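Order of writing sets the chain letters: A, B, C, D, E, F, G, H, I and J. Residues in each chain are counted from 1.
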Amino acid sequence: MLFKVEMTVKLPPDMPKETADAIKLREKAYSQELQSRGKWRHIWRVAGSYANVSIFDVDSNAELHDILFALPLYPYMEIRVDALCRHPSSIRDDDK
Amino acid sequence: MLFKVEMTVKLPPDMPKETADAIKLREKAYSQELQSRGKWRHIWRVAGSYANVSIFDVDSNAELHDILFALPLYPYMEIRVDALCRHPSSIRDDDK
Amino acid sequence: MLFKVEMTVKLPPDMPKETADAIKLREKAYSQELQSRGKWRHIWRVAGSYANVSIFDVDSNAELHDILFALPLYPYMEIRVDALCRHPSSIRDDDK
Amino acid sequence: MLFKVEMTVKLPPDMPKETADAIKLREKAYSQELQSRGKWRHIWRVAGSYANVSIFDVDSNAELHDILFALPLYPYMEIRVDALCRHPSSIRDDDK
Amino acid sequence: MLFKVEMTVKLPPDMPKETADAIKLREKAYSQELQSRGKWRHIWRVAGSYANVSIFDVDSNAELHDILFALPLYPYMEIRVDALCRHPSSIRDDDK
Amino acid sequence: MLFKVEMTVKLPPDMPKETADAIKLREKAYSQELQSRGKWRHIWRVAGSYANVSIFDVDSNAELHDILFALPLYPYMEIRVDALCRHPSSIRDDDK
Amino acid sequence: MLFKVEMTVKLPPDMPKETADAIKLREKAYSQELQSRGKWRHIWRVAGSYANVSIFDVDSNAELHDILFALPLYPYMEIRVDALCRHPSSIRDDDK
Amino acid sequence: MLFKVEMTVKLPPDMPKETADAIKLREKAYSQELQSRGKWRHIWRVAGSYANVSIFDVDSNAELHDILFALPLYPYMEIRVDALCRHPSSIRDDDK
Amino acid sequence: MLFKVEMTVKLPPDMPKETADAIKLREKAYSQELQSRGKWRHIWRVAGSYANVSIFDVDSNAELHDILFALPLYPYMEIRVDALCRHPSSIRDDDK
Amino acid sequence: MLFKVEMTVKLPPDMPKETADAIKLREKAYSQELQSRGKWRHIWRVAGSYANVSIFDVDSNAELHDILFALPLYPYMEIRVDALCRHPSSIRDDDK
């Protein structure tokens, strides 16, 4: 079951660079692990913004919430969720 | 080069059903032809809305505009475009 | 899997009363059938508005979309969907 | 008398974890006590957000205000209230 | 129990003057009857707008909805409802 | 001459409780004195919010400004002002 | 007593040119008569818009409402009103 | 050439009173000097707000920018600019 | 003196194609004549929208208004105007 | 390939003047180097705001993102990006 999730990151300007770097490193590892497992299907950078557009493939709303809530950058994010489903014009088998 | 495009369709309530059906049929054929050529990478329905989230892969802003402007449903759509680029955390080779 | 759906109805002011009444009758029957089957868990009127707040219990985003798209009043509605999940403080077993 | 209340929590990023945990513990106890008494009918988590959708059953606007104002997390919440009433299509006796 | 209700009227520009006048006449009679009964406590015009600010005193959300839904101008109104309660600083006994 | 004024209070979360209590005490005294003099006609709490809806009866815009600017909580308020006048349907002599 | 009023005109695209011209002619005469009497102190065009920024000098909110409600273009206008008063830095005697 | 400029001041709540007073004093002197020179034609207080509505008469966009950028309160202001021009209905020779 | 102007066109869906084509032809000629004279410095299409971003170089706000008001598509446009001036970092002599 | 980028700068009010000046100096040098290379085609100041309107000419979305992300003022900016393309009415060869 697919969801589009848009995440915008707003780090406090006075966060020490090492703290920020450490969080981003954990964020990257966490994201790549979920991508490897097929849960985090796509992630793209929005040009010009510290933001991404992502597609998640999960079994339930609860699984989506648990994944997002555990993001290392979660406390600094604004998140928007839209539930997706297969489009009748789609020719791509796994876009459902 | 990737773009996220969100399209929301608002058909006039008094449009005859045959007219609407004919436009939708042309829209579907047009979309599937572009999907086959790899220009329209993904299309998903937004649950509960007459709307879609799409990913386009084009050579330029101009090509994107020409594709969208020629949509049979274009006169009845609200369209939002966001330029995307590769995310540094992405592990998927073609999400760029 | 639960979703909160908020529906606001805007009938064209010049729709004949019989047409409107017929649509509303079909809407009511459709809603009550889905309530009986447990798919449409709750429906409340928003005081002062031609609008409702509803809770749906469905197996997937796709099932939610199909249910909403088939609403007799769908062409006249603005719809907002929010995916819900169990709250850690909830003491009510089926609010999940 | 029913009200839908949507609460979004925004804790200051520099609040010590122990302080936050203590407030959340009191919030949970407070919420569960009100659920047990039937005042706080439903509480659901919004997927992806530190937010909930709740249904309250109170005797008056004043009682609703007193309950919300006493929430341990109240100083950190944005709250939206909508008065609800029975929907003519509802088949569920206590959704009034 | 008090509610602030703000009503903005938007009549279709092509409604015949006689039709509009007849509706307004029924609206006025309806409003004054509810004022006489103490249900519609206050009504003020917003300077420069075809809009009013009103205070209703009702027994329940349902009664408020029934009153508003029966307004002759209801199909042409945008309505916003806010639940009120006694302010701790108020010195006016009946503002509760 | 009447004005509806809506005030929303946002105290800084780190303001010491004694400071906040002292300001609120002065605010209450100030409000009650103006109510006694008939300048501050009504004040209601908005259910669920640290906000009020008030009706002022003043001789001029300038008098309204001076009253609001001197509120002890003014530096922490968002304020919205709407000029009111008598509604042609009103049956209450002093609602003008 | 001064008010800033911003008026934006939206004529229906299918209004016959003669009808529109006749209304505009009456609007101009009405505005100039009020300017001559000192009630309508200033009127400026907003560059690029069918809109104006105006300053009114009236004795009460009621007088302002009556003036605006009688504008020939009133049914086609969106109007925003802000109550003004003398600025402590002003050196112009009549800007009060 | 005329511009309407709306300025809203938001001083940090923890700015020492002496600092604030000193800035306001410089702001007043600066404003009055520009009023004397005819550059700052009008300034009015918005009732209930720490905000003003002003009319500037400048030779170019650049001159307007330089004047606003040099305001002592500029770092604490939100500013909105609208280009004005003579209204065809105006009877006041210098409102151009 | 430079202005950025953003124009969005919304033609009524039932406008006959010949009428629309005729207006667009006049719009194009009008735009190109102003570009030739140096008044309309730049015009770009916004990808995916029936909208443009333009830079005008005019002697006054009044000249800008007259140019925009005379656009053949003006009755069908939403227009936003921002006054520009030279940026201190610009190295391009005529961007002033 | 052209993009319109609007940047608004919000420096923290308590940033030391020397820090701010140093960042602005680097920003200016960075901007001018990109202008010299033809990547940053235009930059204009928005009158009255600490903001600019810019036109970039880049080979891809990714190049645009890299340029913007490296702006010395980036952490203090709000940025809006719109993809542009040649307008069919344009007579200027390089506005594409």
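A few points about this structure:
Heads up, the rule we're going with is that a residue touches a chain if its C-beta (ideal position, glycine included) is under 8 Å from a C-beta of that chain, and two chains touch if they have at least 3 such contacts.
All values reported here derive from a predicted model rather than from experimental measurement.
Contacts with chain B and chain D are shared by A, C.
Taking each chain's centre as the mean of its CA atoms, H is the chain most distant from chain C. Taking each chain's centre as the mean of its C-alpha atoms, chain F lies 46 Å from chain I.
Centre-to-centre separation of chain E and chain F, using mean CA positions: 22 Å. Our note on geometry: chain A versus chain D, Cα centroid distance of 28 Å, whole angstroms. The distance from the centre of chain E to the centre of chain H, with each centre set as the mean of the Cα atoms, comes to 39 Å.
Under the contact definition stated at the top, the residues of chain G that touch 2 or more other chains are 2, 45, 47-48, 61-62, 64-65, 81-86.
Every pair of chains in contact is given here: A-B, A-C, A-D, A-J, B-C, B-I, B-J, C-D, C-E, D-E, D-F, E-F, E-G, F-G, F-H, G-H, G-I, H-I, H-J, I-J. Taken in their complex, chain E has these residues touching chain F: 2, 4, 27-28, 31-32, 35-36, 42-48, 52-53, 55, 82-92, 95. Residues of chain F that touch chain H in their complex: 5, 12, 61-62, 64-65, 68-69, 75-76, 79-81.
Per the touch definition, chain C reaches chain A in the complex via residues 1-3, 60-62, 64-65, 81-86, 96. By the touch criterion given at the top, residues 13, 45, 47-49 of chain H touch chain F in their complex.
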